[in-house]
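One structure is given below, represented as structure tokens, and several questions about it will come after.
Chain IDs A, B, C and D follow the sequence of writing; residue 1 opens each chain.
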Amino acid sequence: MDEFEIERIADGELTDPVLVEGLPGVGHVGKLAAEHLLEELDSVLVARVYSQHFPPQVTVEDGTTQLASAEFHAVRPEDGRDMLVLTGDHQAQDNEGHYGLTDTFLDVAEEFGVESVYALGGVPTGELIEEYDVLGASTTDSLVEELESVGVAFRENEPAGGIVGVSGLLLGLSGRRDLDAACLMGETSGYLVDPKSAQAVLEILQELLGFEIDYEALEDRADEMEEVARKIQEMEQGTPTPSDEDLRYIG
Amino acid sequence: MDEFEIERIADGELTDPVLVEGLPGVGHVGKLAAEHLLEELDSVLVARVYSQHFPPQVTVEDGTTQLASAEFHAVRPEDGRDMLVLTGDHQAQDNEGHYGLTDTFLDVAEEFGVESVYALGGVPTGELIEEYDVLGASTTDSLVEELESVGVAFRENEPAGGIVGVSGLLLGLSGRRDLDAACLMGETSGYLVDPKSAQAVLEILQELLGFEIDYEALEDRADEMEEVARKIQEMEQGTPTPSDEDLRYIG
Amino acid sequence: MDEFEIERIADGELTDPVLVEGLPGVGHVGKLAAEHLLEELDSVLVARVYSQHFPPQVTVEDGTTQLASAEFHAVRPEDGRDMLVLTGDHQAQDNEGHYGLTDTFLDVAEEFGVESVYALGGVPTGELIEEYDVLGASTTDSLVEELESVGVAFRENEPAGGIVGVSGLLLGLSGRRDLDAACLMGETSGYLVDPKSAQAVLEILQELLGFEIDYEALEDRADEMEEVARKIQEMEQGTPTPSDEDLRYIG
Amino acid sequence: MDEFEIERIADGELTDPVLVEGLPGVGHVGKLAAEHLLEELDSVLVARVYSQHFPPQVTVEDGTTQLASAEFHAVRPEDGRDMLVLTGDHQAQDNEGHYGLTDTFLDVAEEFGVESVYALGGVPTGELIEEYDVLGASTTDSLVEELESVGVAFRENEPAGGIVGVSGLLLGLSGRRDLDAACLMGETSGYLVDPKSAQAVLEILQELLGFEIDYEALEDRADEMEEVARKIQEMEQGTPTPSDEDLRYIG
């Protein structure tokens, strides 16, 4: 096996498509968003990318195995632009892998005629979120304006640590290929998988690309996560606090 | 020395052999099983694989040294199919090593005419085992059926984290070579070396391949391990428990 | 993208220039010093170096992104020698990256006609500094003498652990290219960003190269850092000390 | 700079020399032994090896810098066999570095006509040593016999974990070059630099190669280390023990 390998699975003719990336990351926001797109819209698996920089691992489903990979699905929604959706269970395990995989992903995207890239992800706030803003970053000033016009927030010095991993490099490496690229980052506490943040990101993407989807499945998942969060909070409050200890000694 | 090196030691003509892999892993189940095969059946050391991705280490036996390697033994049992048994003391130390070594192992296997691969290993349950089930995974649906027919268990979402290391990659990389591959994973607590789990795995393999072996040595080893487990338990019960502490304060 | 990439951005004719390096390190002394030079003197961005050994990361400024890189600025001060100033936000993330990046930096320097190299950095003392000495190291004995004549300190067995990272390698790899190289290391506690140490280093460099700059901005930053240090000290003194605990029991 | 680089510094004609390796390791036994040889016998620095797998570091001596390297000295003692002594401050920082450096070291050794290799090191016992035995390992049975005849100990299953790092690989990789190689491992607690263990190793080597040296400097260093050990023990006994705490409560 080579360091990076592209497996073409189907043709999937696409008209002026955009690449939509949602790999694992903060709050799994990008991955949830990309997977929700694939659940709600018809899609065809068109390519897989394998790499020695992925974990040495197979997943098992119905008894048969699949080598660690990233997957590209072609999506042709009734309304809006065609999409090439990139998702998967893994990020690269080292720096050279991140650079090399991102280059390979852009190679695949260009084979399908992609000229615009949207990287989806989360940005950790460290606290519970009431209103889910979506932060933006892009490779060109004109794209910044376009994103602002659909409600994407741009704030000075945010995200503070820049953007890391494939989402960051998709922007960093798109410039040298004359591709436009933007990153849409849903705010999220950073502590739990966050379907609400994923929905906020998708609602922006919907504005930009024009597709129509339902969010019920994401909302159900959000309710489940709130239940999980409630239980964690209860468990934490159930542990003895300093004042309880004092009582024991006083008693 | 190259990144990966194959040393051919003997010819070892084999008729329609299967590759049986048992390298170190959870509960050392695969390694124990493969080594027991080599102890119970006549075998010839036919090849060694060296790699810069193995630890920089020699083992010492009777004063002389042997560079870290994986070993292939040819086994021609009286009953049942011929086997090429892969065992050793090391896994690769990094991702690229895992991928490259597995490819090298399959190169050796193909040189000996192998068309089927059995990777042996353990799957951790986190609790003590009463009945030792053997979980399966394979590259094709037809092989799943064959394994089920000899008692291998297939359960939804198990093993939960997929299969990692050489055992996983043997399945992941066999597909692209038109090799059939299966993984037999003995349930094991995951805390101790587990000869009983190794025996459970071998009994399945015996059904599949038709060899005849004795399990007394493995059973003796299992008795030793139970003695070890009992001592650990005693030591743990000997430490002061919360109730003992309370007594001190009350006293 | 290649392992190391040089992007030439402007010509920037320089006469007999010296390379001045200030990348992140102990107390950020080198980085502060190099950035202060660029703030106080007119400069032109002439080249960037990208590398797969930098973090897989983009920074965001005014909504647009810039891939992790090191930057070279051409500086032609009214007084003193021309400078090629190397600065950035990252060091390499692994050993091979350190060696390869330093070689690439020296390639760029030679393209601009550099024959002398000054690496700026800090040396940790582990205690608060009253008087900021600047320690030196260089590739030739004659350069040691020159540095001593402008007040650089040379002490036996200092710096104790040698010089690590790009600063060290600029000296280690300059020799084999017939470049003279020196390292100027400002003493610093090692606990905080240290603008005073950066100023001490720049004052030496000023003596050596003849430029004229103002230090007010660095002095303001030093005042800010002292305020930070004071607050940390107060917080530490505010926590209960052993004697306080005793009082609780006595009370 | 290449991944591995050999710098030839002087010719150093040697007659039927042996390679003697003493790089950093357990108790610094090998390094102390090799350096003592170089202090007691006339030697000429003949070659250095640089590598991207060494730390990115220069050492500073008298103000001038030296890039991280391993050094070869030619030694022609009045009595006994000529030696090529390999020493330095670093081991490789990763597995591929260990393999590649060892191969490079053997390339240098063969250029000087070496046909026998002695790797010097320590073997940790975890307890204080009264009598300093030297354990052995070698590439051939005949060499085992020769070592036994001069007092080297060979014990079953020792060293338990095999031999790691350059010392181990010198044996592992010598075989494939038709070089004889042996490892001499002085027993040492493993907690401190151990000049006594280094002396035990040198006394064996002296028997094998026939040189004459004085051990006073090593004995002085051993006295210093005993002083250090005594102080550490005092400090440990000075800390409050459980019984002291009890007294406070009782009092």
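One rule holds in what follows: a residue touches a chain if its C-beta (ideal position, glycine included) is under 8 Å from a C-beta of that chain, and two chains touch if they have at least 3 such contacts.
Predicted model, so just to flag it, every value in this text is computed and none were measured.
Counting the residue numbers that touch the partner chain, chain B and chain D have less than half of them in common.
The most distant chain from chain A, with centres taken as the mean of CA atoms, is D.
Separating the CA-averaged centres of chain B and chain C is a span of 52 Å. For the pair chain C and chain D, the distance between C-alpha centroids works out to 37 Å. Counting partner chains per residue, chain C has no residue touching two or more of them.
A list of each chain pair in contact follows: A-B, A-C, B-D, C-D. Looking at the complex, you find that chain A touches chain B at residues 1, 3, 52-60, 62-68, 93-94.
By the touch criterion stated above, chain A contacts chain C in their complex at residues 92, 95-96, 98-100, 102-103, 136-141, 144, 147, 154, 158-159, 161-166, 168-169, 171-173, 175-176, 183.
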